[in-house]
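Letters A, B, C, D and E mark the chains in the order given here, with residues in each chain numbered from 1 onward.
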Amino acid sequence: MSKSRKRYSRKIKHTPPGTSPGTIVSPPGACPTFIDLIAYGPEGVYEKRIDDWSEVHQAMQKYPVVWVNIEGLGNSELVTQAGDIFGIHRLALEDVMNIQERSKLEQYGENSFFVVHMAEMKESLETEKLSIYTSKKFVVTFQDGPIDVMNPVRERIRKGNGLIRKMGTDYLTYAVVDAVIDSYFPVLEAYGDLLDKLEEGIIEKPERQMVAQIHSLKKEFFSLKRMAWSLRDAISAFLRDASPLYSPETRIYFRDCYDHTITVLDFVETYREFLSDLMDIYLSSLSNRTNEVMKVMAIFTSLFVPPTLIAGIYGMNFHTQLSPYNMPELTWYFGYPYALGLMLAVSLSILGLLYWKGWLGSLKIRSK
Amino acid sequence: MSKSRKRYSRKIKHTPPGTSPGTIVSPPGACPTFIDLIAYGPEGVYEKRIDDWSEVHQAMQKYPVVWVNIEGLGNSELVTQAGDIFGIHRLALEDVMNIQERSKLEQYGENSFFVVHMAEMKESLETEKLSIYTSKKFVVTFQDGPIDVMNPVRERIRKGNGLIRKMGTDYLTYAVVDAVIDSYFPVLEAYGDLLDKLEEGIIEKPERQMVAQIHSLKKEFFSLKRMAWSLRDAISAFLRDASPLYSPETRIYFRDCYDHTITVLDFVETYREFLSDLMDIYLSSLSNRTNEVMKVMAIFTSLFVPPTLIAGIYGMNFHTQLSPYNMPELTWYFGYPYALGLMLAVSLSILGLLYWKGWLGSLKIRSK
Amino acid sequence: MSKSRKRYSRKIKHTPPGTSPGTIVSPPGACPTFIDLIAYGPEGVYEKRIDDWSEVHQAMQKYPVVWVNIEGLGNSELVTQAGDIFGIHRLALEDVMNIQERSKLEQYGENSFFVVHMAEMKESLETEKLSIYTSKKFVVTFQDGPIDVMNPVRERIRKGNGLIRKMGTDYLTYAVVDAVIDSYFPVLEAYGDLLDKLEEGIIEKPERQMVAQIHSLKKEFFSLKRMAWSLRDAISAFLRDASPLYSPETRIYFRDCYDHTITVLDFVETYREFLSDLMDIYLSSLSNRTNEVMKVMAIFTSLFVPPTLIAGIYGMNFHTQLSPYNMPELTWYFGYPYALGLMLAVSLSILGLLYWKGWLGSLKIRSK
Amino acid sequence: MSKSRKRYSRKIKHTPPGTSPGTIVSPPGACPTFIDLIAYGPEGVYEKRIDDWSEVHQAMQKYPVVWVNIEGLGNSELVTQAGDIFGIHRLALEDVMNIQERSKLEQYGENSFFVVHMAEMKESLETEKLSIYTSKKFVVTFQDGPIDVMNPVRERIRKGNGLIRKMGTDYLTYAVVDAVIDSYFPVLEAYGDLLDKLEEGIIEKPERQMVAQIHSLKKEFFSLKRMAWSLRDAISAFLRDASPLYSPETRIYFRDCYDHTITVLDFVETYREFLSDLMDIYLSSLSNRTNEVMKVMAIFTSLFVPPTLIAGIYGMNFHTQLSPYNMPELTWYFGYPYALGLMLAVSLSILGLLYWKGWLGSLKIRSK
Amino acid sequence: MSKSRKRYSRKIKHTPPGTSPGTIVSPPGACPTFIDLIAYGPEGVYEKRIDDWSEVHQAMQKYPVVWVNIEGLGNSELVTQAGDIFGIHRLALEDVMNIQERSKLEQYGENSFFVVHMAEMKESLETEKLSIYTSKKFVVTFQDGPIDVMNPVRERIRKGNGLIRKMGTDYLTYAVVDAVIDSYFPVLEAYGDLLDKLEEGIIEKPERQMVAQIHSLKKEFFSLKRMAWSLRDAISAFLRDASPLYSPETRIYFRDCYDHTITVLDFVETYREFLSDLMDIYLSSLSNRTNEVMKVMAIFTSLFVPPTLIAGIYGMNFHTQLSPYNMPELTWYFGYPYALGLMLAVSLSILGLLYWKGWLGSLKIRSK
């Protein structure tokens, strides 16, 4: 519970109202900042963790593509320097520093600025923002946290696999965005397994804490949906409004990204609908059980209350010797067996009636 | 249960995150690959299962339309060769190999690439992807699995029925897409029968496992809806954005396809709404039965508890001889019949009250 | 039940999958075919049931407007002939023969092809397709079944009422479509009465079979909605995309048609919402009654169980002569009246408590 | 009930199916017709109830703006005359005579034809159609019924308040439409008060007839919503498609109308959502009360049934003198007090258990 | 209750129906009017509370940007004067005076008129309208009430922080709108905390008054949503339709505003969905508890009723000495222990049966 408790207010971390726009402040709890440089072209790759911005300029002169990854946003000064060196708009830098759930694409002149979110399934869903600033000559990515989905991209650059070394910064941007979208699929698979287990549980043995589980999953899918939906919007806007930075060839690849985002959205929507159905099944199962508890009670009542009346009758103290009408059964030779027999007969008749009415037939209380 | 259990995660088969885009890998469990060539024109038909791509080139020179059907995607090398020979974009080939539920239409230059899904009702709904790559001279179709809806098209080509032999690759594409859409109608009919039976069952004898059945049908309709919806989107996009490959005459035929897709969607939506209603009916029926069980209990309680009190009263041990007020009934000559009569009278009064209040009248417990 | 049972699958009558498009086959159970010719102009009217197509040609030369109504689709050959003579596209002819629920407007060159549905309320809702093919010189209508809404139009032609004789085929098309839309209003009125009765019933005496009735009405409204919705789409498309066949004057009349369709849709939507509300009222009424049954039981239990305990106490066999503490009440002079009084007092106290708590006040079990 | 009973079918008053379009027939129960003329300009005002159309022509020559209000539609001949004199299209006249709930704006050439609805809250919501036909020189308004919202407009004309005397027919049209929209606000306020009372009632003392009340309000809001929605559509269409009749200055005023309509729609939507919530609260309150009735019963059962068992035990007739094991308590000196004490102890233990489990704490049955 | 009671009707404060449009009347309960002037440019700032409009003219000649804030709308004459001096349209002034919930942007020629709402969380949500009229030379803001979000903007002007002193009236407008949007975030955070607490409460100890709380929050979110939604519409319209007053640089900043509004909307939507889920959880929890109360009752009934029957049997008065069959147990040496043992055995068997059926296992009544 304690984890989900702070789910809502925790997400609203915003600079104080009235702050001058474009103020660059590290988000609370940000990690220390490291700067990784990868510069490459068809002929070679240069990779280094740098402290000195001059290396970036040198790399830009030697290689067609320069990729600077800024990991950890704790050092707001370094981030501001990066903004100045690469000519990043103040509002984009502010977006880098904000915590937010919405993906977006913004054009700053010829340059494009993507905000996307990487996902990973640990104990629960973890997400992390990745900001990608792309110009003709360089790509700058900002991230803060432990999730890293860009290693396969780096691997492909190092090994020269596929097209990546032959293409420009636009293709690199695509490769990173694609890697981010790909990070959703294992998460969806994990959720699929979880839902399968939950469904089995609810159908076979509904339990109260499952409602809380459904509710908590709903909240996670709500986040997921928002991320996927805004990502779809961003890529769709990208496909619509052509920026000359991106070659037609790369656009075809982004169309593929769009497709994958739609698939992610489809799954999230399916899962959400599925959860609503599970809630319905849970409730119908509760009603069913109330119904069956009622039946058990009705059966016990019907079986034991009538014989109790009979016993009560023969427990009355009418004076048998004063009148032949006063409970002559009490003096019969087989009075007691007769009374017991009467009780049994009444109970059995009622049982028979209930059985004939179809009650016992449909009474299936779950055995453990 | 075991079948639906893996429904969700099973659908998410995706290349590992970070894979270089355009990597051609057979999907898991793919069938061995066969290549069937049909080449035809107004004058004649040539049909052969081929091993050698050179025959394709020969056929292209002799016949105006060449249709290559690649059945089974197990041999990724053959698929890649086909891609090279027919000039199919890598991303299209990757789509051929992926498992996905969404139909689509993509333009690669002048050529069009359709992804559609064939449906068949076996024990449950089975679907299978069909990818159709169309250029001026040839149509390449890819499929993997046992469903084949294209036989009637082949028949029409062989026999020269209708227009097909006189028209180009655009009409062939239409014929295949139309056959795919036609494959939905028997499936819908089967679902219609199933729903009719389910409705009858729920109204006449609601049972617990029907909830699971409704839920499972909902999931299947969700898939169906997604397929039909994306198909509609694809054909609608096709009708909007004219590619010069398709003649105006063929477009009119595609408009007809669009109509059929709308009909499929209508049915799926109707079925989905119908299922929600069935759930409501089930729940109202449960409430009804709880209500009736309660009534039975209330009747038993009301009938037997008051006489039990009377019996209890005359079972008290007040000393009758000490006072004329101490239960003189016990010494009456007709004391016992009077007591029994009192019990009966009380029970009958209550029964009468309940009847007058309209309870017994509406008590209709289902007989088996 | 048996009527609604086949509602779903019954609607899906489609040519077998893979049939060559444009195949003209009579729908199953179609009526024999009759051909009625009405030719008219400002000066006169010529009306005849014809067997010979040559009369059509003669009429076309003598009168500005020729209206051929083909009643009954049983003779597929005659229908095909009509298609050839009037130059109707094969797909339009196929649509004439299909059973479908969706209205539409299609343009074939300059000519327009409307598919609409007439409605009539007999025992339940009956609908019948009407296909209208309009060119500059003639209107061909196809129908199959007992509903005929076009008689008032014929009357107006015969008598020369209103504008109809002075206008062209476009106005005739309008007049027919308008008559079709007008056929919905008596149906809606009949449904309105039915809903009023159902509402009264549910509020005053909810019964179980009303759920089935609501469900069945829902299905009928779903059909109605689909028909009205697609009709709205068709007329809206007509108003948007001007075909030169229709004069601006006639377009104003079609705008009026559009308005009426919107009114029909409004009613259908209102009715659908109303039905959902009735279901809610039914369920709340069920809950209410369960609640009241529970109250009756609680009252009986509370009233009779405590006195039973008191009777039980004085039925114990403690030996009063052994100790002054052992049930001295049994030997009191007014012991029995005291015991009865105690019982009454306890019962009345409980009754008072329940009344004070507001239970009895809100207990209103429906009298018959 | 009787009032809402005919709500649905009563609204469908339509000319018989197949009537020639443009037929001018008075609606059933229409009032006698009066014709009021107001002609004005910056310099003066002329106002008269007229019988003779010639006065209209004279007024048109002397004043820039002529406003003819036709009150009561009983005299269809007079209405037809008005149509001829002012050149109103037949379909517009037919709309004047029809009973309908949908507002609309139609352009007939340069002239505009508004259909709007005035609202007034009497015992329940009353609405009345107002048709406004506007040309360069005159405005004709048609109404039938007791609601009149145009008096303040007349007052402003008479007194020359505001801009109205200086502006043309376009501004007069605006003034009338604005007065109509303003008539919704007191209605909404009345509904607001009603809902506040209903909410208070449901939370404090839910009663069965409130469901019917909610349902009846829902139907009224449905009507209101439809009127406001269609009005919004009409004004929005007006703002989009500029007719040269309306000056840019007047358009700014219509933009203000649009704003007010949106506000009305907002309120109606809020109220509708609020009603759904009230239904939920009602149902949850019902569940709550069932729950509490169950608790009371469970408490009575638990308190009285166990002591009854004890009393029953000591009422058994085992022969104490035959064995020291046979109910020696019966012969104890403090046997009876012991038995009573045992009963009390058992009851108190159970009460304690229930209290400890938190049952009694949450048992709050509503006092009257 | 008393606070929410007047929620609905209280919001509808509108000028009386039929009032001449553009009438400037103070809203009821408006505060006294003060006029604050801030004039600034890159070189300096001049700030004063003024009584005399002539100072405004002087400031406009000396400084590039003049900002007049009119606080309190009680003096309608002063407001009208302001309108005349700054050339504000009458309808805009009327909007300033109206109470309304909808934000909007309107263009009056080159000038723009924003209506936005500031939010603050005190005991409950408080909102206050802010009207912003912007021209090339000046910005006039109107507000009435205690909420003031513009102090940080004033601070930035005074200190010359950020860009604000270097930019024109367009940037000032942006700065004010941004401050208004920023005022929503602390409100959302407060709601987040409230929802977290409510969720915890409902899951751990559901109580009746929580329904009213959920309902009341829903109403507040409905207001919030409407405000945020209309704000989004206004800013989106602003971004679409370029007014030359706003420089491209400032537009980028407004794009950022748009983003923040979307974030606000996202949160409001999440909260609304979350509330619906809480209602579901509450109801499922109620069902669960009814179910458990039923179980407790069933257990008590099953445990105590059968032994009571046994006790009743041995309380019968059959004459043991008349027949060896007449309750010989009464004369057994261990008769009484045997009877007690029988009772215990029966109770334990039933308990065992219930346990084996899985009832006791799932019976978890909440301890306090």
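Annotations for the structure displayed:
One rule holds for everything that comes next: a residue touches a chain if its C-beta (ideal position, glycine included) is under 8 Å from a C-beta of that chain, and two chains touch if they have at least 3 such contacts.
These figures come from a predicted structure and were not determined experimentally.
Shared contact partners of chain B and chain C are absent; no chain touches both. Note on connectivity: the fewest chain-to-chain touch steps from chain C to chain D number 1. Chain D and chain E have centres, each the mean of its CA atoms, that are 25 Å apart. Separation between the centroids of chain A and chain D, computed from CA atoms only, is 40 Å. Among all residues of chain A, those that touch two or more other chains are 283, 287, 290, 294, 297, 301, 305, 308, 312, 315-317, 327. In terms of which chains touch, the assembly is arranged as a closed ring, every chain touching its two neighbours and no others.
Starting from chain A and moving next to chain B, the ring of contacting chains follows the order A, B, C, D, E.
Residues of chain A that touch chain E in their complex: 1, 4-12, 14-23, 89, 91, 94-95, 100-102, 104, 106, 108, 207-208, 211-212, 215, 218-219, 222, 226, 279, 282-283, 286-287, 289-290, 293-294, 296-297, 300-301, 304-305, 307-308, 311-312, 314-317, 320, 327, 329-337, 339-340, 343, 365-368. Interface residues of chain B facing chain C in the complex, by the touch rule stated above, are 149, 151-153, 155-156, 161-164, 175, 178-179, 182-183, 185-186, 188-189, 191-193, 195-196, 199-200, 203, 252-253, 255-256, 259, 262-263, 266-267, 270-271, 273-274, 277, 280-281, 283-285, 287-288, 290-291, 294-295, 297-298, 301-302, 305-306, 308-309, 312-313, 315-319, 322-323, 325-327, 356-359, 361-362, 364.
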